[in-house]
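So that you can tell them apart, the chains are marked A, B, C and D in the order they are listed, and the count of residues begins at 1 in each.
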Amino acid sequence: MRKFGIIGIGHVGVTIAYTLVTKGIADELILIDNNEGKAVAEQLDLQDAQARLDTTTQIKIQDYSELKDVDILFLTAGKIDAAKETGSRWAEFEFTNAMVKEVAPKIKESGFNGIVIDTTNPCDAITQYLQTSTGLPQQQVFGTGTFLDTARMQRVVAKQFNVNSKNIAGYTLGEHGDSQFVAWSGVTVNSHPLVEFAKQQGKNLDYAAIEEEIRKGGWSVYQGKGYTSYGIATCAVKLAQAVLSDAQLECPVSCYNEEFDTYIGQPAVVGKNGIEYVNHVSITDDEKAKFKNSAETIKSKFATM
Amino acid sequence: MRKFGIIGIGHVGVTIAYTLVTKGIADELILIDNNEGKAVAEQLDLQDAQARLDTTTQIKIQDYSELKDVDILFLTAGKIDAAKETGSRWAEFEFTNAMVKEVAPKIKESGFNGIVIDTTNPCDAITQYLQTSTGLPQQQVFGTGTFLDTARMQRVVAKQFNVNSKNIAGYTLGEHGDSQFVAWSGVTVNSHPLVEFAKQQGKNLDYAAIEEEIRKGGWSVYQGKGYTSYGIATCAVKLAQAVLSDAQLECPVSCYNEEFDTYIGQPAVVGKNGIEYVNHVSITDDEKAKFKNSAETIKSKFATM
Amino acid sequence: MRKFGIIGIGHVGVTIAYTLVTKGIADELILIDNNEGKAVAEQLDLQDAQARLDTTTQIKIQDYSELKDVDILFLTAGKIDAAKETGSRWAEFEFTNAMVKEVAPKIKESGFNGIVIDTTNPCDAITQYLQTSTGLPQQQVFGTGTFLDTARMQRVVAKQFNVNSKNIAGYTLGEHGDSQFVAWSGVTVNSHPLVEFAKQQGKNLDYAAIEEEIRKGGWSVYQGKGYTSYGIATCAVKLAQAVLSDAQLECPVSCYNEEFDTYIGQPAVVGKNGIEYVNHVSITDDEKAKFKNSAETIKSKFATM
Amino acid sequence: MRKFGIIGIGHVGVTIAYTLVTKGIADELILIDNNEGKAVAEQLDLQDAQARLDTTTQIKIQDYSELKDVDILFLTAGKIDAAKETGSRWAEFEFTNAMVKEVAPKIKESGFNGIVIDTTNPCDAITQYLQTSTGLPQQQVFGTGTFLDTARMQRVVAKQFNVNSKNIAGYTLGEHGDSQFVAWSGVTVNSHPLVEFAKQQGKNLDYAAIEEEIRKGGWSVYQGKGYTSYGIATCAVKLAQAVLSDAQLECPVSCYNEEFDTYIGQPAVVGKNGIEYVNHVSITDDEKAKFKNSAETIKSKFATM
């Protein structure tokens, strides 16, 4: 039986919930939110949907004790208005930090011992704080991090070559925030190394501009719809499925980096234990410097918490 | 190739879009909204999702000429604040009526000749108005109507007996609004006629209270989340799938009733031509009177447009 | 995590396996067969498929100890040639009975305590024998029984009225074999009672001929392809999904009947405990007599084991 | 509406059919086989399944005129016994060649103008023959070729490193037969170049042995189950989905190579036009020699037809 919990059912949390229900992925689903009326409403709306679906998901709300035997717990909370005003995910920190302080002891107390997937911003810092405050092993707590920024990189690069974003490989690394960067040395387009291939095709790519488009991908979506939901929820669900089926999925996520002693977006392998191991891919010295810089950014901001 | 269009990408429209994308149902999808920035943002967010999905959907925006060869067109617009203030879906009429006046000629001009599924409130009146103003055959234009209210009836009745809502059969009929009613004479629970079964089980059901809970199902969801999305989108997508695969799905939807010369929620069979035929089920004289009353309510309000 | 086991990977077993893999239903799957080479080959073929699927299923073979924490165990074995020669599923009894004698102690010894879904013929007798010999509670062991014959009834009746088989309700009851019968009194077509509706439509149905077509549905498929697989596997997977999600699915399956002290195809409700309860639907006296006759047929044949 | 045809419903063809039905991919499906009884039986079995599925697929049989507006046509035929006796797919040539000679004019006559996906062995030669004899453009006719052998490469390499086969990139190229080879220079494991990574990990890989295991992957499956079905059907369906959604999927398939004037397994991009273009990836001189050798093998055998 697949049992999921979601703490925080704003746009991201409830899109995760709907995805798990409409695709028949979850057998049981626990929704928890500070706004009880919202939890009741989402439960009703999802139950209305189920009379028209072939699959069934048991949906319960507001009960931390149910987390005891949950396999995957999503933490999805945010105060997007703060972020929007300043254009930085760190602006949400004050709010989300307080939220984690509130929920971490409750998670701990429930006896939960599954895998936590965090989408709360600033993702790297919050995930680390959550791991520390719950006392769960580092393996078991990770964030979506640059898995989404990598999807955006795939989308933006694909557009340049009129290919499918699924056929772009490579990584956006570092902070799920402004200090992130694309490791261009490893990006491929239909299996061709990007930089070389672009030259062959006579394309003069403006890498800085592309990177800015990726980095600001979230803000472009925010501006138009007031939040982001489908990209991030799809990333989170894919990670959850990898855990449940022990898929040993290789992808960039926010997890603990020993060298820099911080959570940060880096390639890792995701399976039944959560982070099975960090996948140390080759990057250039220049990219290493950017990674170090991003790690230090996360650490210094984290220190001010 | 399955090609869908959605006019109006508020909460309902975009949830339909996401469902078609995340479940791999749509090969091509056209999104149109008065708010261009919103259309751009939803397109981006859905494209971000696709790098993490196994299926691909081509998403285009804001181009009415693409409707020419669309198979299924969803019309989903609304001004929920108006509805919320007054507690009646007719309060949205002024806004949505104007919207239909604006889009109907554009649909017509595009050369569209597929099936329209309407979720816009007040659903029965707007669907009828849309059919008239586009000049499309009555078969090809129908509304979700009481398909959603029937799902709510299934949920509420199922709860009384601790069974799955899928195992409740029967209909909520009439207006997708206050004059709707449950045709209790045909409701079954695990194949048992409800009224008789409740007596056998020693359950003293308060049918009026249950009906009120069903009728106010939408408002309960509105109150908690500010809108409804998952139930209605799931109904709309199920109807679309029935059309595409010519499933001859029997279900209550808002379609033209000859006797009362109005669109109204009634059992019909949905297939490749849209409404294949109305399914005249037996109801009691009391239920017939309620149906007539509901039809007249729709007509009289429609006349004031 | 959803963990399934399949004992017997002939056409039915392996089609169940493929369905669980290709639809991403199973996280882990244990295949066991007397023919080890076949188990190895099916594992390889299913693994080849998985490089092209978005989901992952861990597939292990030939290890009874893995059944310890399996949620759902399918028993699917048969000697179809015996059945084909004689035209009766009882002809397989000698073979399948011996098979159950061999595997039941191994299931018991593994510490398995999940739900068993049996498709092995003669289904009612084998399921009962399996329950007795494993000592598992009656709730936890049931057979597909007339769930498939009911699907065939839906198909054959639907054809008469050019409707979708999903819109035919009602039951084929009794033995998954020659003494089965359709409870015509409860069959509905698009929510209309069949017998009355046929008259209204001026259709003069030959119920005996239709029933024979249903009863011989399996043989028609055997004759053309040498076995049956898709209908039966789809029924078995649907039941498994109902157990995993505690769906309280109401449907006819082979389970223990107290009145006649035998396993037999009858309406029941399927949930996390397997058979949650038998659903006693109204049938006519004539149908009751047929049910009794079918129960006695099963019992008398069972006694000769 | 998605409309598919399948000519030849042996193990591969019918597994494709079942996949399209059980996953709700096809709206309409035409099955054609020399053995009419088999076609009838598969139709019945798939229809029995559909009463238990949420989706509907219209299934018709034996009618070439239906191919007129089919989007995707699978050609799946074979005489596996011939292949098994000799251990070579060319042993099926006499039979399958005759089959193509028979069906090509019927396809042509139907007015079919969609995309053909061929799985018939010897795949490269038969696909070429089919293209020539139907007169369809080269783009519109391609074979699964080494898409399956690449899946096998992924499986076998993944096993060496205990990773998911989905995280192995690279190609098996050339003939879907004995002269195929793995382009090791482009194989990656979790984004690491294989050869280098194996050294780092202290793994002394026997590339020739691995390649033999890949090449003989089909025979291993044949030996155990008498045929292959799930891997090949999954490859074929994935290609079909890429065509329908214009996914621009990059993958190795059997398509026309200008340099060697033959069909052969090579990286290409698959979209709505079938083969959108050949994707010329870098390979070593040694690999180029193997590719040339494989092309010549196909051509010389083809010449003896």
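We adopt the following convention: contacts are C-beta pairs under 8 Å (C-beta built on N, C-alpha and C of every residue); 3 or more make two chains touch, one makes a residue touch a chain.
Just so we're on the same page, UniProt names per chain: A, B, C, D = L-lactate dehydrogenase.
Source: prediction; values computed, not measured.
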Q | Chains touching both chain C and chain D, listed by label | A | A, B
Q.
With centres defined as the mean C-alpha position, give me the chain B-chain D separation in Å.
A. 42
Q: Could you please state the distance in Å, as a whole number, between where the Cα atoms of chain A are centred and where those of chain D are centred?
A: 36
**Q.** Residues within chain D bordering two or more other chains
**A.** 53, 56, 164, 166, 247
Q: Treating touching as the only link between chains, describe the layout with one word: line, ring, star, complete or other.
A: complete
Q. What residues on chain C touch chain B, complex-wise?
A. 53-54, 162-164, 166-167, 169, 186, 190-192, 247-250, 267, 269, 279, 281-282
Q) Once bound in the complex, which stretches of chain A touch chain C? A) 1-2, 24-25, 27-28, 55-58, 71, 241-242, 244-247, 249, 272
**Q.** Partner chain C, residues of chain D touching it in the complex
**A.** 14-15, 18-19, 21-23, 35, 37-42, 44-53, 56, 147-148, 150-152, 154-155, 164-166, 168, 217, 220-225, 228-235, 238
